[in-house]
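Labels A, B, C and D are assigned to the chains in the order they are written; within every chain, residues are numbered from 1.
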Amino acid sequence: MGLGIDHRNKMAKRAAAEITNGMIVNLGIGIPSLVPNHLPDEIQVIFHAENGITGIGPSPEIGTEDANLCNAGGLPVTLKEGGSYCDSTIAFGMIRRGLLDMTILGALQVNEEGDLANWIVPGKKVPGMGGAIELAQKSKKVVVLMNHTDKNGKSKIAAKCSLPLTSPKCVNLIITDLAVIEVTEQGLLLKEVFSPYSIEDVIHSTDCQLTIAENVIWHEE
Amino acid sequence: MGLGIDHRNKMAKRAAAEITNGMIVNLGIGIPSLVPNHLPDEIQVIFHAENGITGIGPSPEIGTEDANLCNAGGLPVTLKEGGSYCDSTIAFGMIRRGLLDMTILGALQVNEEGDLANWIVPGKKVPGMGGAIELAQKSKKVVVLMNHTDKNGKSKIAAKCSLPLTSPKCVNLIITDLAVIEVTEQGLLLKEVFSPYSIEDVIHSTDCQLTIAENVIWHEE
Amino acid sequence: MVKPFNKKTSFDKIKHLFTNEMTIMYGGFGGIGTPPGLIDVILDSGAENLHLIGNDTGFPDIGIGKIVCAGRAKSIITSHIGSNPVAGQLMTEGKLDIEFSPQGILAERIRAGGVGIPAILSDIGTENSFIANHKPKVKLENTEYLIETALTADISIVYAKQADPYGNLIYDKSARNTNPLVAMAGEITIAEVEEIVPVGKLHPDQIVTPGVFVDYIVVSEGVNWKWVWE
Amino acid sequence: MVKPFNKKTSFDKIKHLFTNEMTIMYGGFGGIGTPPGLIDVILDSGAENLHLIGNDTGFPDIGIGKIVCAGRAKSIITSHIGSNPVAGQLMTEGKLDIEFSPQGILAERIRAGGVGIPAILSDIGTENSFIANHKPKVKLENTEYLIETALTADISIVYAKQADPYGNLIYDKSARNTNPLVAMAGEITIAEVEEIVPVGKLHPDQIVTPGVFVDYIVVSEGVNWKWVWE
């Protein structure tokens, strides 16, 4: 069961709401790449890519793509006025130096301490970590966008990650097709639920303890 | 007793003869900066400076200096066609990577093993090492241009350096106002003498063993 | 380092440089910026059991992916193979030895090789056993760091927008990516470029790779990358 | 990191940023490329007991030399003080603590701080007791290397040719020298520039320092360096 475009955009829109004026933000491949479509015009933000772009603009019109201008996922992009190119060491220099206010990325598993697993399924799929370790370890805020459960219906939010970790204790916020969950010192805090799901649905689909916020926000479809 | 301009140019001219076509060469401050004046036109060479210049050209005409274009000694220079600017890490990257065929620099002392002392006179003068360690340690060939003796008449070529070393076992060739001496596995080899000095003058002015080459070359004034 | 003042050559004339068992480092990121003509030259050369170093394994038909899929690589140091399923398959079959390095650290290791630094210390992935386990470590003020050693290659291949005959290079937009780093780290560096311009045409403030790092220049017959990552 | 999208300010407005005991890193090489207006602002600010980091100590009346000669510096990490006799005198009198670093290694340490690398290993000066004695060391495949730690500063001051309001910088000829490195290594980075141009005017391939590293831009009233090294 994949996520329909509506679910994807719902999640991307919610992630976009985390972005405030002046932020420097890195977007992973997949659902995170939809985030810019949901940003209000008045928000000025600098999108960063590991392959050496500071200031990514909207996707180009079909037919106007530039083969030499792609994001870290290899998809054609544009550059905003005031943007610039650099080599990968400088792009990662920005990351390690702590200049990234937020990274929004996908995950295979997240646990209640905010550990992130997103680079390997032993014996099955070994894509490699790419820049995920650096982004997860060094960004001021790490937002995960992922399905709440895997294709077998198993929760991707667990007490302990069964998959090898990308980076421990790095995730701040989890946005799934069901809910928005914050990683706090006291564990996971369920803050928002997407209609038509209920708090009980979320608890049922989550493989670890959830604290329920005092005022859970309800997102109507 | 300083060195007159003739002596300086004599030494610079001899150093220039070490340079062959296509070399990348770094010149220290002082006498080494006179070397380019003695290069035949047919020799193409790339002069390198630690502050980020590859391809230094001749000194500018008076009145045409550019305040933002100086060599590592702070003197105005020009850039040859095909030259380029970089930051200091890349300039030193060229040095450490072993791309410099030759460095020509001044010295306070050199000993029979080719140890170089040129950065500090304890209790007297502490200029600091600047880029000399890297240049001495990593250039393919290190040529020292210096007075044969100091202002008290003491030999600057010794069995052991009394001054703190810049770098051990790095000097390949010593050019003084008296002679040209090669540093070999077997010690110092006197190869050339500048008129009006004699082999005996050179031996007398040198504070360590000298092997005399089979055919000492005589440079007439 | 070969040092003629005119470094322009042809694909044919450099084919003999590629030999079995050598280490080849390639610029590019997701195939974009990996010199397509030089990849074909390597294939043509017949060189095999190659040791590769680069950001990722490209796609099966783009970038270094073609070398990997032809079974020419014995090992690779890289950060990502997700876009080339054949790389993962060869690894699983024990036919390709892969060392994964965090992407930015890999870039720094290549740069370190290029500028003659033996290694860097890193705090990236210190708690990730796949990264940290086999690496030397050192403690500095009570924190343990990984020692990430410099990488160099027998031959580096890069893609650039323009070169002059001295080998000075400038790059185009995000096709720059790892190319300026790889350009410094080869014993021999070969640049495939869109265009060779006369000496003096490139503005000296705008040159990204000084020509002293470059040995050969070949003119590209066009790039073959496209947008198919996902 | 302060992040307005218009980073232009005036010398007066940033004077309060400079305070006693802070660490200040400065671009420039032999005075050339050290922002003269910002040096005067530091003098005006009254800040003292400063910890300085930079290539050299300039001349008594040029570059960082003015700060040193005014007795405002408590310590300095540098590679050369030969052009500023006052620096040597203050050192001899025990009034200025100087740590000498090989020039290229100093540049790499500043860069390491700028790109978030904790340290580099170095084989430069391993046999020079003045360099090696007080440094941590580590053995790698039977060779002992120095651990040269990264350098950062509370404030970095740099000189550039042009900036746009986002803080993107380009440099002019050899006045580039250490400036792009220093620009990355400050918690706060202030650029003194010859000219501020509109956003979009700088070519994105030609920008050397991306604006995300820069916090404030001031327009220079002109440079004061000249050619007096020898």
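The rule we apply is simple: a contact is a pair of C-beta atoms (placed from the backbone, for glycine too) under 8 Å apart; a residue touches a chain by one contact, two chains touch by 3 or more.
Owing to the predicted nature of the structure, the values given are computational and were not obtained by experimental measurement.
Trainee: Just to be sure I understand the contacts, which chains border both chain B and chain A?
Mentor: Correct list: C, D.
Trainee: Quick one: point me to the chain whose Cα centre is farthest from that of chain A.
Mentor: It is B whose centre lies farthest from that of chain A.
Trainee: Of the pairs B-C and B-D, which shows more C-beta pairs in contact?
Mentor: B-D
Trainee: I'd like to verify one number: the distance from the centre of chain B to the centre of chain C, where each centre is the average of its C-alpha atoms, in whole angstrom.
Mentor: So the centre of chain B lies 37 Å away from the centre of chain C.
Trainee: Measuring from the mean C-alpha position of chain A to the mean C-alpha position of chain C, what distance in angstrom results?
Mentor: Chain centres of chain A and chain C, defined by C-alpha means, are spaced 29 Å apart.
Trainee: Roughly how many whole angstrom separate the Cα centroids of chain C and chain D?
Mentor: 32
Trainee: Tell me, which residues of chain D touch at least two other chains?
Mentor: 108, 115, 117, 123, 171-173, 176, 204-205
Trainee: Check each residue of chain A and list the ones that touch at least two other chains.
Mentor: Residues 79, 85-86, 89, 92-93, 95-96 of chain A each touch two or more of the other chains.
Trainee: What are the touching chain pairs in this one?
Mentor: A-C, A-D, B-C, B-D, C-D
Trainee: Chain B touches which residues of chain C in the complex?
Mentor: It comes out as residues 1, 3-5, 114-117, 164-166, 168, 184, 199-200, 202, 204-205, 207, 210-213.
Trainee: Please give the residue numbers of chain C that touch chain D in the complex, ascending.
Mentor: Those in contact with chain D are residues 108, 112, 115, 117-123, 136, 138, 140, 143, 145, 147, 149, 170-173, 176, 204-206.
Trainee: Which positions of chain B touch chain C when the two form their complex?
Mentor: 22-24, 44, 46, 48, 54-55, 79, 81-86, 89-90, 92-99, 138
Trainee: Once bound in the complex, which stretches of chain A touch chain C?
Mentor: Checking each residue of chain A against chain C gives 29-30, 49-53, 65-76, 79, 85-89, 91-93, 95-96, 120, 125-131, 133-134, 137, 164-168.
Trainee: In the complex formed with chain A, which residues of chain C make contact?
Mentor: 29-33, 55-56, 78-83, 88, 91, 98, 100, 102-105, 107-108, 111, 123-125, 127-131, 161, 171-181, 208, 223, 225-230
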